[in-house]
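What follows is subunit A paired twice: with subunit B in the first complex and subunit C in the second.
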Partner chain A sequence: MARSVSTRRTAVVTLVAWAVALLIFFPILYTIITSFKSEQEAIQGFDLIPSFTLESYRDVQSQYDYFTPFMNSVILSLGSTILALIVAVPAAWSMAFAPSRRTKDILMWMLSTKMMPAVAVLFPIYMLFRDLGLLDSRIGLTIMLMLINLPIVVWMLYTYFREIPGEILEAARMDGASLWGEIVYVLTPMAVPGIASTMLLNIILAWNEAFWTIRLTTTNAAPLTAFIASFSSPQGLFWAKLSAASTLAIAPILIMGWFSQKQLVRGLTFGAVK
Partner chain B sequence: MTLKTFLLGACSLLALGGIASAETLTIATVNNGDMIRMQKLTDDFTKKNPGIDLKWVTLEENVLRERVTTDIATKGGQYDVMTIGTYEVPIWAKQSWLLPLDKLGADYDVNDILPAIRGGLSADGKLYAAPFYGESSMVMYRKDLMEKAGLKMPDAPTWDFVADAARKMTDRSAGINGICLRGKAGWGENMAFLTAMSNSFGARWFDENWKPQFDQPEWKETLDFYVKLMKDAGPQGASSNGFNENLALFQQGKCGMWIDATVAASFVSDPKNSTVADKVGYALAPDKGLGKRGNWLWAWTLAIPAGTQKAEAAEKFIAWATSKDYLKLVADKEGWANVPPGTRQSLYDNPEYQKAAPFAKMTLESINAADPTKPTVKPVPYVGVQFVAIPEFQGLGTTVGQLFSAALAGQTSVDDALKQAQDAATATMTEGGYIQ
Partner chain C sequence: MATQQTRTLARFMLAPSVGLLLIWMAVPLALTLWFSFQQYNPLNPIRDGFVGFSNYLLFFNNPAFLWSILNTLLIVASVLVITLVGGILLALLLDQPMWGQGFVRILVISPFFVMPPVAALVWKNMIMHAQYGVLADLMRTVGLEPIDWFGRYPLLSVIIIVAWQWLPFATLILLTALQSLDGEQKEAAEMDGANFLNRFIYLTLPHLARAITVVILIQTIFLLSVYAEILVTTNGGPGYASTNLPFLVAQKATLEFKIGQASAGGIIAVILANIVAFFAMRAVGKNLDR
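Coming up: the complex of A and B.
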């Protein structure tokens, strides 16, 4: 009796989980389906079965070069993530293991920078970039992406580090480990799942960032977000083409996310249940 | 070994020299068919102008507007040629953000550019932007449904005829709406249509002293007419329909009439995308017998920002892209029907073009019927048919657009919407120092 109830419950829970997952994923799925339709099919209303034409992909390829924005996306998201980790690991370490009276305030302040709409600082940033000659440069945009994701990175790492018992570090110190040794040989190996998921999430956030990457670039540093934007049209319905461009742009990150989902889930739920 | 090193060095120096002498123009543009076609044809330009390379930045209209405005206002210098609309040109020219185009060449023939369009792009007798493509608005209607209703569309209909026809054509059980009009809020969405419509009703945004005019009977008549007509004969949820939504409805055969951009004619008559391609007729935008029609005037133009270091090359490019030869080039490669319309008189005089584009005559007449320097029945202090060319208009136009969209959706009454519009406009104009 008890067994059958629990089986039924599992079945219901599984079904609900699938339904929610499908609901969340549906817009992306429909984008992918639409990319295999002809333009006429795309506007004809809801239909889940495309004619599997590659017409839109051909058009997109012939209109713009995909490789340059793709490489820019890779460089920007990896570069900004690595830079952010270099800054955030020591910062989170000090906040987790050597907190001061102001640590909580500093953390809150960092998070508060994410609360302001980005457009509010568009002009100051634009002028700074202009004066420093960073407009449309990969290095400028890498720094920008690093800075906007830094609060999230620090916060995530801080929560992971807090889960590590300070006694282990103390033991290492008693055994004569230096500060550097403590971070590299004790803390980092224990925090690997946390660091990995922070890294993955940050890569995804940087890959998808579409405000600054469009506004601070023209051609040389423009990543895939600008590639998609160039297919969005105010007049005329080119939904199939836009979907094909979007599919091309999200495919790499989707595949990466698929392969690393175990780390992602482990990292995101790390410390959630005690 | 040394010789080899020397040769290598010489080669790399030469290569560097080659790179340095080639000028690269960065061109910001919108994503529409004509602009994409131009990008494909630029080989012709680079062949004629060795040493000039072109790089394109293509963006959606609103993002492009924000992007180029940021750049030009901060003198960022990221672009050498900008695609801007007729709304920006007078404002930016006044700010000295644009360079005048006075070296377009002897055979450019500035006087061939349609006067209605040229007027909106000039200040103090100087041209500040060259039109690449121009459009007006007109009535597109279903000939079969018109016939079924026992009516015949005149070439130049009145609003009363259009309203009557729309009500007669409506058959909601068959999913047919008599008329589809813009309702989505935005200065370039519903306000483009409603401002143009109000011109034909004798309304205006401001009087000669910049006093807002929403409290005048002409605006009430316009908005009443529009809301009632849409209630009786418009599609459901019209308050969220813009150009693309109405295009989809019309192409699926759900609209009897649609008043919108002339460029839509080539979409609705294209059998590849439209289910009603062979049943579409065209007519001028309606009037009220007051001497102005309810059609707008828009052009995408190419201009040179004052911050560029490559003004000479940029002007060469603009002269090429907006020349008669360019029209000929498109015709040779892709056929006359694909030539960017609405800029030059010579195109409309060309019998081959008239044959290839059945809507050509209506487009030209619509464009000529609009005058951005004298857009309304009563005098106004501003330039622009479906907009007011002052920097405050984008914000104000969208605010008023939201009020009118709410009136269409039935969330507020017409009187309330007009009263709030008057208050919003008065506040904006007082703040801007136009009125006390």
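Coming up: the complex of A and C.
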């Protein structure tokens, strides 16, 4: 008896949850569907079954050179993430394993830089970039994205490193390991999962960053965010093509995101919710 | 525990991060502050020079300024309310036993990974378009006149789009917190005859308090600087109806070349963010001590 009630309850919950989930997912689903329609179909009213043409995907490449912004996005997000890790790993490491009285203040200060509104420094950064010849360059934007996400990277690594027990270090030292030996053979293997999670989250954040990528680029270094934003002008009102471009732009990150739900919670709440 | 040698090493390891962030924060901010007291126009450099507080006065006397502050706060407040209420309800729903829970979860969190320009353009063209949008089709089917979302309710339209992007974030955080709730406590409350509402108010909500705080703080940081969503949908209009502070400042700098006023606006944005940050840091700092 109780079993059948709970089964019915589960069925109802399942039904409601699926309905709500599909409703929330609908804009993405409809974008994917529309990307397989022809331009004519796309504005012919609501229709969930496309003609499965790949015309829009072809056109996006041939008419707009989709590959360039896509590669820019890949280079920028990967490049900025690797740069940030190179700078942040030692910092997080030292704060987790050799904390001083000021460690907490430094961490809080780093977080506070993340809270500075980007617009407040738009013009100085723009001038700096112009004078250094970095406007619309991949190098400039890579550095920019690295700086924006550096506080989150340091923080996230710090919360992971802090969970590595310090006794292990002492044990290694007792066994005569040098400082270098400690780092390479004892700590690194334990830190790899944390570093990988941090990397994943940072790639997602860098891929989707849509203020600096739009304002500091025109054509050469423009990643997908800027490319898609350029579709907002009236002459860009080609929905099937917009959908194809959008689908390609969100697919890689969507899939990465699905695999990083846990890390996402941890990284974006600075370890406060696990 | 740490020896003198490791301490010195630690300082060396920390220096690049601190140095980079210091330069990236201090130098541009100092420049912005300096420009906010200057008349500076790259197109007309003849009248350049120190002007005291007049940029701030000009900015304050601009009707767009009041609009932008109001819109900024409206976006932050409404999106927070929508995502928190929706997020709690969704988290409670997703916490129940069901078939295909993992897949449902994936569907629900997906919007968070969609880059802002895509989210905004998809909603603008395919969902809310007054003629060809899905909503327009839907309204015609039930015999109603389609709504011109971006013409008549520009700010609401932006809020809907931004809320759609952040609802998954709130849901995910709250769901994670919910799943750490002690099952025995719940059962005990059930045994004692507490109904669902009572359990929610006296058990679940206090347990979620910290997660809710975190959601409010993190979202506020990002919501204060909504930009791309406005740029590609309403472009701030009609008039200033959907212009927020970041958008206004960027507009002043990149279109009108009023660098002084834009800088003054930037400083005001910093002050606004600092007020929020003050509370944010205190809350996050508490978690550090634990």
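Criterion: the second predicted complex is superposed on the first by the 180 of 274 C-alpha atoms of A that agree within 3 Å, B and C clash if a C-alpha of one lies under 4 Å from a C-alpha of the other, contacts with A are read in each partner's own complex, and residues count from 1 in each chain.
In this text, a contact is a pair of C-beta atoms (placed from the backbone, for glycine too) under 8 Å apart; a residue touches a chain by one contact, two chains touch by 3 or more.
The structure presented is a predicted model; accordingly, all values stated were derived computationally and were not measured.
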Most subunit A residues touched (candidates subunit B, subunit C): C
Partner chain in contact with A:S232 - subunit B first, subunit C second, else both or neither: both
Which superposed partner A:I214 touches (first subunit B, second subunit C, both, neither): both
Touched partner set for A:A118, first subunit B, second subunit C, both or neither: second
Which of subunit B and subunit C A:E39 touches, first, second, both or neither: first
Touching partner for A:Y185 - first (subunit B), second (subunit C), both, neither: neither
Which of subunit B and subunit C A:G166 touches, first, second, both or neither: second
Partner chain(s) touched by A:P90 [first = subunit B, second = subunit C, both, neither]: second
Residues on subunit A lying within both footprints (that of subunit B and that of subunit C): 43, 45, 122-123, 126-127, 214-215, 226, 229, 231-232, 237
Footprint of subunit A on subunit B - complex, ascending: 26, 28, 30-33, 36, 39, 55-63, 66-67, 70-71, 73-79, 243-244, 247-248, 251-252, 261, 263-264, 267, 272-273
Subunit A residues within the subunit B interface of the complex: 39-40, 43-45, 63-64, 122-123, 126-127, 130, 135-136, 214-215, 218-219, 222, 226, 229-237
Residues of subunit C that touch subunit A when the two form their complex: 1-2, 5-7, 9-14, 16-18, 20-21, 24-25, 27-29, 31-32, 35, 90, 93-94, 96-101, 104-127, 132, 134, 137-138, 164, 167-169, 172-173, 176-177, 180, 210-211, 214, 218, 221, 224-225, 227-228, 231-233, 235, 245-246, 249-250, 253-254, 259, 262-263, 265-267, 269-270, 272-274, 276-277, 280-281, 284-285, 287-288
List of subunit A residues in touch with subunit C within their complex: 10, 13-14, 16-18, 20-22, 24-25, 27-28, 30-31, 34, 43, 45-46, 87-88, 90-91, 93-95, 97-98, 100, 104, 106-108, 110-128, 147, 150-151, 154, 166, 179, 204, 207-208, 210-211, 214-215, 224-226, 228-229, 231-232, 237, 239, 242-243, 246, 249-250, 253-254, 256-258, 261-262, 264-265, 268-274
